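Both of the next two complexes hold chain A, though its partner changes from chain B to chain C.
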Partner chain A sequence: MINTQIAVIGGGPAGLRAAVAAAQLGAQVLLLDESDHLGGQLIKQTHKFFGSQQQFAGSRGIAIAKKLEAAARSQENIAILQEATVLGIYEDGVLLAEHKGRVIKVRAQRIIVAVGACERMLAFPNNDLPGVYGAGAVQTLMNVHGVRPGRRVLMVGAGNIGLIVTYQLLQAGVEVAAIVEAAPTIGGYLVHAAKVRRAGVPIYTSHTIKEAHGEEAVEGATIWQLDANRQPVAGTERHFAVDVICLAVGLSPLSDLLWQAGCQMKYVPELGGTVAVRDAHLCTSNPRIYVAGDVAGVEEASSAMVEGQLAGLSAALSLGLGGKEAQEQLAEAKAQLSALRAGPVGEKIRAGLAWVEKGVTADA
Partner chain B sequence: MRITDHPILQFEKGPKVTFTFDGQQLEGYEGEPIAAALHAAGIRTLSHSHVKKRPRGFFCAIGACSSCLMTVDGVPNVRVCVEKLRAGMRVETQQGKGVLR
Partner chain C sequence: MLKSTGIPTVADLAEVLPTEERLAKGPVAIIECFQRIPCNPCATACRQDAIRPFADINDRPQIDWDQCNGCALCVANCPGLAIFVVDMTYSETEALLKLPYELLPLPQPGEVVTALNRAGEPVGKGRVIRVQNPPTFERTAIVHLAVPRELAQEVRNIMVEGETDGTR
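Presenting the complex of A and B:
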């Protein structure tokens, strides 16, 4: 049994920041991550980030990951356990993890869950054929392992992820036949859209995928147009010979651990799926468990980092660590989050949060 | 399928090793996920659905979706998208839910 004051599950931007914030207040922290690298989603991202200056806007995701990792490694009171998959969180605050083929037990006074999100599927005939890949998987394969996912790709989704991964595919020498987007307008930033258009990739808005073709693997795809009521219009089909269909239609929080731990959960479409109900300090219905980052609601790296900071501070403060300065940092983190979510882009997130922060009810 | 030059990235690879896929000898780099090595060799069908036996490839690549379960060195249900390749590994297409030996 390993004893620690705070266990952080997940070493992405949210978890790394949470660990550092708590450790700076003097907490003994154990960070567990299932992979062999730290940085979570960031390590696949070769593009320069948008977001706020405080959260390294203008740097590439891979560079941000290195900085966050260095900050965590320089804190003596943070122990890091990689290749450790947390399997369950139990009533007595003990969590079980699989570490290199062995099961280990960790007893923690506070647990911060920062496990991120997983790619969403889309329903269409033959969507189970090999070659239908999530955008995150395509990124991992080509940006981390240096293997092309295929020769010619149809991208589904013109949000930031769809646009960015398209560009990354082109950089890796893979052809992108087209991007389809069900909405009448492009969801991602126009700079990214302009970049892929300049590279000659057509973007079909108000279109969706009708079906994939192939026996053993994807050999092609048919798309069709959607009318104003988002109903497909027969006769508008277009066919593409592609060997990969890349889905960039959003992420869903990886909520399994929180369900298993018995936290009160709520389905909030604005946040990407089922998330834990929590208070403004990111504490769930279980006073021992906090959430931060994409698992608390799919947003972006900058908000994940600030949420990590907030959860780390709150968890340490709840253990009686930190003083007036920590309270000020907490207020500062909250102000930063509001600033990130201000304006029209944050409208959806604000609506979702209003719903989920309503307070932890007694029937949990 | 391997990327040899990239405008931004350099790939640090472990030593080249051999392994088998359903008896066929293949090469890959030690430490990369088994699925990456298979992909680089042009193999995309990793598993089959239980009822209709439809081919399945990988989907999430982070060990979260179970679309890539194979039998590795006799152990069934290994997520090859996150399991690292080692020299001499025996990677096999799994029949059904697999059996523990």
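Presenting the complex of A and C:
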């Protein structure tokens, strides 16, 4: 049994920031991550990030991952366990994890869950052919392992992920035949859309994939138009000869551990799926368990970092650590979050949050 | 419409293009950022205070063209690659564009490349004058491209020969 004050599950931007914030207040922290690298999604992000200077705007995702990892490794009171998959959280604050083929037990006074999100699939005929990928897999192949996924790609989804992965494919020398988007407008940032558009990639809004073709693997795809009620319009089919169909149709919070731990959960479409009900300090219905980052609502690395900071500070404060300065940092983190979410792109998140944050007080 | 095609319209552009008078005075930044998003590196990068500090991080950039000297620092720092510098005083027949560029291979000075418009369509040829790629730009190179004057507000990208088939 390993004993620690605070266990952080997940070493993405949210988890790394949470660990550092808590450790700076003097907490003994154990960070567990299931992969062999730290930084979560960031290590696949070769593009420059938005946000403000406090969230390293203008830096590439991978560079941000390195900075966050270095900050965590420089704290003596943070122990890091990689290739450790947390399997369950039990009532007495004990975590079970699989670490390199062995089961280990960790007892923690506070647990911060920062496990991120997982990709959604899309149903269409032949979606099980080799060559149909999630955008995350395409990024991992290209940007982590240096392998091109194919020669010519149809991208499904014009949110930020679809637009950015399209751009990264072009940078890797892979052709992108088109981007299709079911909604009538582009969901991602228009600056990203303009960037791929002026590189010659057409964007078909109000279109979806009808089916994939191929015997052994993807050889082509047919798309068709959607009417105002999102019903396909026969006769509008277009065919593309492609060997990869890349799905970028959204992420859902990885909420399994929180369900299993018995936290009060709520389905909030604005946040991407089922999330834990929590208060403004990211404490769930179980006072031992905090959430931060995409698992608390699919958003951005910039907000994941600030949420991590907030959860790390709140968890440490709840153990009696930190003083007036920590309270000020807490207020600052909250202000940064509201600023990031103040604009029109934050509208959905604001609506979703009103819903989950209300939940805990209503039911408590 | 920009929101359904990714291509800014003439009306969108009218909002962000400097006056003819200002263009005639020398290089100036054109910020093609049309949406309120949580982002502000352009404002923090500008050393001339030409891009006003944002009150709200979601503000759209506001530029004072009289303060701007066309240095292109903001071009390299904009994560959206949405800023371009146009210099109409370059020569009698040509304008000089400073374009952000992140594909390999980078073009070489003297090279003639295909000039692309905002839809990625070839609209003519451009001559590469200079390529800036210092470490501080974090691998967003700035390509100085001479194009016929009449294409100065059309050309926003290039296709480099020998580039893999990523762009068509």
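In this section, the second predicted complex is superposed on the first by the 359 of 364 C-alpha atoms of A that agree within 3 Å, B and C clash if a C-alpha of one lies under 4 Å from a C-alpha of the other, contacts with A are read in each partner's own complex, and residues count from 1 in each chain.
Rule of thumb we're sticking to: a residue touches a chain if its C-beta (ideal position, glycine included) is under 8 Å from a C-beta of that chain, and two chains touch if they have at least 3 such contacts.
Note that the coordinates shown come from a computational prediction; the quantities given were computed from them, not determined experimentally.
Peer 1: Looking at the overlay, does A:134 come into contact with chain B only (first), chain C only (second), both, or neither?
Peer 2: In the superposed model, A:134 contacts chain B only, not chain C.
Peer 1: Is A:34 in contact with chain B, with chain C, with both, or with neither (first, second, both, neither)?
Peer 2: A:34 contacts chain B only, not chain C.
Peer 1: First (chain B), second (chain C), both or neither: which does A:12 touch?
Peer 2: Neither partner.
Peer 1: Of the partners chain B and chain C, which touch A:57 in the superposed model: first, second, both, neither?
Peer 2: Only chain C; A:57 stays clear of chain B.
Peer 1: Is A:162 in contact with chain B, with chain C, with both, or with neither (first, second, both, neither)?
Peer 2: Neither chain B nor chain C is touched by A:162.
Peer 1: If you count the residues of chain A that each partner touches, which comes out higher, chain B or chain C?
Peer 2: After superposing on chain A, more of chain A is contacted by C.
Peer 1: Looking at the overlay, what does A:172 touch: chain B (first), chain C (second), both, or neither?
Peer 2: Both partners, chain B and chain C.
Peer 1: Can A:189 be said to touch chain B (first), chain C (second), both, or neither?
Peer 2: A:189: touches chain C, not chain B.
Peer 1: Considering only touches as defined above, state whether A:145 meets chain B (first), chain C (second), both or neither.
Peer 2: first
Peer 1: Considering each complex separately, which residues of chain A are in contact with chain B in the first and with chain C in the second?
Peer 2: Chain A residues touching both partners: 60, 171-173.
Peer 1: Can you tell me which positions in chain A touch chain B when the two form their complex?
Peer 2: Where chain A meets chain B, its residues are 34-36, 46, 60, 85, 118-119, 121, 128-134, 136-137, 140-143, 145-150, 171-173, 216-217, 254.
Peer 1: Under the definition above, what is the set of chain B residues touching chain A in their complex?
Peer 2: Listed in rising order, the residues of chain B that touch chain A are 1-3, 6-9, 11, 13, 32-33, 36, 39-40, 44-46, 49, 54-65, 81-82, 84.
Peer 1: Per the contact definition, I'd like the list of chain A residues that touch chain C in the complex.
Peer 2: So the residues of chain A in touch with chain C come to 47-53, 57-60, 63, 151, 169-176, 184-186, 189-201, 203, 205-206, 300, 302, 339-346.
Peer 1: Under the stated contact criterion, what part of chain C meets chain A in this complex?
Peer 2: Listed in rising order, the residues are 2-8, 32-41, 44-45, 56-58, 77-82, 102-104, 116-121, 138-140, 156-157, 163-168.
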